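In the two assemblies presented below, chain A is common to both, partnered first by chain B and then by chain C.
The block that comes next holds the complex of A and B.
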């Protein structure tokens, strides 16, 4: 198995620049990208009480992150560092077509 | 390219079925096979067992097919269509208890990641859970 989690957690913060926030299409792209990694990945709007599984499209759509809010990402597992970098890049680049 | 679960959309209206399929293709992409049918063979509102069978076969994948339906008859006719499939395929088709548009988009998103039929169904049905 690929499970070589050593307990290390990688984190990232990125501002949501998408004009109307985390609506359906960005949520699908984020979820699809997250699923490409083995790592356990969670996201939340900065300061929110609960972390959300980045691989659950229903929960990502329901998080209703607003334009200009900061998204926190944390991941653990073998490819956690790459997963955080990829998700930060996706959000920072405003979910370009063809990504995810 | 690994196989992904196929998605079938069954509405009483061909416009809704086609529009839902368009949303799935545009939002999720082309890696998931999507087929749809809507309306009766006379062009009116309704669903048709033969057309549902054709759609299931069009979206066929070795990993199975998840069917999203709208109102009552779409569900019963989809279940009838599943029963009329060749035996080897019957167990690989599920009708999801989920809203048709949201369920189709979420099921396809899950399918695109290579998930199993059971996982795809569970994600579509997350929306119906309390």
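The block that comes next holds the complex of A and C.
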């Protein structure tokens, strides 16, 4: 799932399996988790023109990622690798309660 | 429902079932006083303090409410902690706007975006944003005010009510919520259902007069200044509802319904994947009917294989070991789809619809069959064809399906042919049921009744004739059930009859042991079966 693009930036892809897509609760969990990391983290629905700050719940909601879409994640900074892994895991495991 | 001297009645949409009889309490959005803006620094500081205060208030509310309410409020807290959003507002203050104006205009922009979304879920979230907007504006204007006090059992009437205001109201003495606008899918509606507070939305205009209110969340009515007779009828309805509700909740949690010692399987009908979020869905024995027409709606193009596969797979994952019956596209009739159905049919209900249409459009049908064949390896999938008249049609569908499976497998893609069954809704299919080589039958009682009775079910003038309990309809249901019993093939019924307690005795007596209903009807149907089983009436 993870590949190292260069020395600084880490990326990941994950399919959004949540039944109703990226709605309020998943968005809150995602941003909460993202904020635990120092790294700058961006996400987008695969192929979308703009990258979105993973720490902004308003922007994550506005992304309107539908069920079944692929979410691309990229991060840079000291804990970027761990951040990408954690977010991929959160989305892939369908936002379990207690996560984020 | 009638207006006039005896008291006036208004009808809306049900958001939460239940009854309330008490004083009418009007709640205004509260325009609040005007604010005198300070310097740029003062304004920025005022907003920072208001945000902190709001954040604290919401956290307190969440802590005292707990559960689902806390999760709903978490979204508002997350918005207040959203630096991108907040920075934008501070930037606007930096350009010279007063704090309240800057805050309001940014939130209003967001609200407008949500309202413009095609998705009803996102639209409903706009009331959370409005809630947050108003809370901070009230703090900035210094009229944050006391929590709303309502007299015990009062019926709160407002244009719309935000979730946090709902939670500030002390509902321990009962009461109800009558909204002139609002939506049954809003967060406040979820809270009302979770708390068991009756709620009716979209009541439209209501005069300012009125001291006493009767709110019926079941009939979706609000009666103002009722007569003694209206009160008596209302109290009677409330009492019977109270009795049935209490036992329904308890019965729902029991493992399986049974009647005269035989298990009755209760499954649910779903229109779309989101329907699985209904709190009662988990108690179903499986999914008796997943409609797939939602995939055809609201898109300019027909859905691709992957989109379909994801939807089917999500439902199968939800169901685990339980069976999931997915019905192939039932377009045509009263459900035209551009680029799929045929235009200009003189009588579309008797036209190219259901399986007839799919067989006429094999290129579109094949995409759905591919998605279903791939989903079949992921769970307990059954597939059924709608609107089947002849055994040949089932076989033609089976042939297409088998070819699709073979091609997928040849390409090394995991796929299999699921169990294939048919809807029994054409009278000819019910009468010649033994001619079908189907793994199961599902009676579509809505169409079956309409075709047997020769009544367009959308034509209100025919309502008295449109009786699903007509002996001719019951005769066809009996024959189908009897055929299933004799041959060991399962027969279920997934039309509106299954969710109507008055029809249950007849359906059970026809020999049906499998019913599929909307999740919202599950508790009541399980309870009715229980009551019939112990010798009671329908209630």
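Rule of thumb we're sticking to: the second predicted complex is superposed on the first by the 93 of 100 C-alpha atoms of A that agree within 3 Å, B and C clash if a C-alpha of one lies under 4 Å from a C-alpha of the other, contacts with A are read in each partner's own complex, and residues count from 1 in each chain.
FYI, a residue touches a chain if its C-beta (ideal position, glycine included) is under 8 Å from a C-beta of that chain, and two chains touch if they have at least 3 such contacts.
Because the structure is predicted, anything quoted here is derived from the model rather than measured.
Once the complexes are laid over each other on chain A, chain B and chain C cannot both fit and instead clash.
Contacts of A:36 after superposition: chain B is touched, whereas chain C is not reached.
Taking chain B and chain C in turn and counting the residues of chain A each one touches, the greater count comes from C.
Once the two complexes are overlaid on the shared chain, A:28 sits against chain B and chain C alike.
Of the two partner chains, neither chain B nor chain C is touched by A:46.
Of the two partner chains, both chain B and chain C are touched by A:57.
Overlap of the chain B and chain C contact sets on chain A: residues 24-25, 28, 31-32, 35, 55-58.
Of all residues in chain A, only 24-25, 28, 31-32, 35-36, 55-58 touch chain B in the complex they form. Per the touch definition, chain C reaches chain A in the complex via residues 71-72, 74-75, 78-79, 81-85, 110, 113, 117, 119, 121-122, 125, 128, 273-274, 276-277, 306-307, 310-311, 314, 317-318.
Within the complex, the chain B residues that touch chain A are 27-29, 105-106, 109-110, 112-115, 123, 126-127.
Chain A makes touch with chain C in their complex at residues 17, 19-20, 23-25, 27-28, 31-32, 35, 53, 55-59, 61-62, 64, 67-68.
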